[in-house]
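I've put the structures underneath this note.
Here subunit A shows up in two complexes: once beside subunit B, once beside subunit C.
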Partner chain A sequence: MSVNNRDPLVVGGVIGDVLERFTRSIDLRVTYGQREVTNGLDIRPSQIINKPRVEIGGEDLRNFYTLVMVDPDVPSPSNPHLREYLHWLVTDIPATTGTNFGNEIVSYESPRPTSGIHRLVLVLFRQLGRQTVYEPGWRPQFNTREFAALYNLGLPVAAVYFNCQRDNGCGGRRT
Partner chain B sequence: MAAIPMATATPTDSMSRVWSMSSLKSSLPSAVTCRLPSPSSRRPVLVSSPSPRLPSFSGLSPVNPLISTGLPGWQSFEDGFKIIDGGGRVYAMRHGRRVPKLNRPPDQRKALLRGLTTQLLKHGRIKTTRARASAMRKFVDKMITLAKDGSLHKRRQALGYIYEKQIVHALFAEVPDRYGERNGGYTRIIRTLPRRGDNAPMAYIELV
Partner chain C sequence: MLSSAKHKINHSDFSISSSTSSSLSHSLSQAKNMTQVTMEEEWKEINLASLHQHRQLNIDHEPVLSNQNPNKSIFQDFLNKPLNQEPPPSSSSTHHGSLLAPPATVISLNTHSIDTHFDESAMFGCFGKKRGQDSDDSRGDRRHKRMTKNRESAARSRARKQERAYTNELELEIVHLQKENARLKRQEEQMQLKKAEATQHQTKKILQWSLTSPF
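Let's turn to the complex of A and B:
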């Protein structure tokens, strides 16, 4: 199904800030503990310390997919000059399996937002073949569009995002 | 022999030892036999009689529902407030009033909106109730418009509204780049799940 204007990814600004419009073709299920991630869900940093369980759909085990997890609102949504921050990168995931079967080339770093409410986006791309995707040099200033263009990943096949803000208030001083 | 109408109810008839109803009725005081007034489902007529004799001035105070002056047609609370002074009409309904009151008196309302716009400009995205989010759009747009102008007068106006001056200076520095081409509509509201404690409808408001 194609993404229309009322889609949560468009409403939440993910399409536009991080991704282009795409057609969803593969199922993507992300679960943190007991909670399944739906678009726009509010999750606390204490619940996302460990990596989630990701299950993808598709039919053919010979197709491989890449999962990228980025935060486009670093360091703060009002001033995102470090857009985006790469939290997790797993490649060579066979269809119908999960990230446990893939190659985790950038290890999962649990998000700790300092200021404001950050969006965290999980994007799934389809690879052309095995071992065609390599890690970037650093985590901040990551650009998903350029990354996809660089490794010929094309448009995404699935995406989901959720919101995360720091656990305890504004972090001390008000000003 | 007829019973003597006295307070005593002893049988005066020596011939019979039973009470007779007529002797009882006649000996009891007459007020008891009258029908008691019905409970106060209707206004007691007794109260309205003093009002013509003592006209009290109740011109500017709302008619107190507890003091029943017997005025007809006093049906609801709003009817007691129909005061016309110098042309300002006060109606019972909200027709055409567009200022959101946010359940607060005017000074608190202004302070709430100032605080919310300060926090939105500081954090970029905040989560609040839907009514507050849609009420603050106007003021956030106003602040960004002041920053787009950029003159000293506008800066001082913004400093009078936003609670933290670093935010004003940062705003005036980055708004020309960020919103230079955009004409209005600098915020976006995304409705979200209701709050658990009171089921209030919540929304994210963010700077576009």
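Let's turn to the complex of A and C:
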């Protein structure tokens, strides 16, 4: 199913700020503890200290996938001049398995936004082959589009995002 | 680091005679030990120092620098200039961009030259809202920028709200579809059963018929 204008990824600006339009073709299931991440869900940093469980679909075990997790709203959504911050990068994930079976080339760093409500985006790409992706070397000012172009990853096959603000944030509402 | 309180510094007649680096630093050091100057000039000094640091002294800025008019209009010129210029082609292609590239607001100038973690409220505090010498222009500008940012923030809030609504809608639809699916399956099962019964019955009848046919 391709992304339409009411799709949360479009409404939330993920398509545009981070990704191009794409067609979902692989299942992507991200779970922090007991909570499955659905688009736009509000999660606090204390709930995402440890890496989530990520399970992917697909059918052919010979296909390998890369998972990227970025924050495009650094240091704050109103002034995101450090866009994007790379939180996690796992490659060589075989279809039907999960990140535990992949190669964690950039370790999971738990998000700790200080200012504003940040989007945290998880994107799945299909690799052309195995071990064809290398670590970028730094986390801030990562560019998912360029990264995908560099390694011929093409358009995403799946993506999901959630919202995160600091633990004692007011939810964007002045009281 | 700029403090949030308005403050005046003792400067001399703030003068910059040329754009070369040595005279720039000379006049900056000269500026440290003399009469009153307003925040605009201190700000100009800092910006010029960063300009020098980033090696982005642009020929076009010389007229501004050498114009020794220390009143607030020069500040306006300095602000307005970058908005009309193209970024110099030789500028570094880092994400931070050139200070001379159209920074949409004074705020972004602030961010790039001072500290990337500068809190927005502190930035406004530096400029202060009640500076008697401010022209209406720059005050209106700041208000306009603030309004824009507020509008963007409101748009983001609405987008978040909209997605929540959409997700809820979808969840409800899933539940509805699951129920309907279950109902339709049951219905089909029953129909299959009936059909099976009916054909059985039919076969019996035919057999009876044949058995009782008169020959």
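The working rule: the second predicted complex is superposed on the first by the 168 of 175 C-alpha atoms of A that agree within 3 Å, B and C clash if a C-alpha of one lies under 4 Å from a C-alpha of the other, contacts with A are read in each partner's own complex, and residues count from 1 in each chain.
One rule holds for everything that comes next: a residue touches a chain if its C-beta (ideal position, glycine included) is under 8 Å from a C-beta of that chain, and two chains touch if they have at least 3 such contacts.
What you see is a predicted model; the values in this text were computed from it and never measured.
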Give one word, clash or fit, describing how subunit B and subunit C relate on subunit A after superposing. clash
So, does A:38 touch the first partner subunit B, the second partner subunit C, both, or neither? second
Identify the partner contact of A:163: answer first if only subunit B is touched, second if only subunit C is, both if each is, neither if none is. both
Which partner chains sit in contact with A:12 here, subunit B, subunit C, both or neither? Use first/second/both/neither. both
Check whether A:141 is in contact with subunit B, with subunit C, with both or with neither, and answer first, second, both or neither. second
Of the two partner chains, subunit B (first) and subunit C (second), which one does A:71 touch, if any: first, second, both, or neither? neither
Would you check which partner chain A:92 touches, where first means subunit B only, second means subunit C only, and both and neither mean what they say? neither
First (subunit B), second (subunit C), both or neither: which does A:84 touch? neither
So which positions on subunit A get touched by both subunit B and subunit C? 11-13, 40, 76-79, 115, 117, 163
Interfacial residue positions of subunit A with respect to subunit C in the complex: 6, 8, 11-13, 38-40, 75-79, 81-82, 115, 117, 141, 163, 172
Residue ranges of subunit B in contact with subunit A within the complex: 121-127, 164, 166, 170, 174, 188, 190, 192-193, 204, 206-208
List the residues on subunit C that touch subunit A in their complex, please. 95-96, 107-108, 111-112, 116-117, 119-120, 149, 152-153, 156-157, 159-160, 162-164, 166-167
Touching subunit B in the complex, subunit A uses residues 11-13, 40, 42, 73, 76-80, 115-117, 163, 165, 175
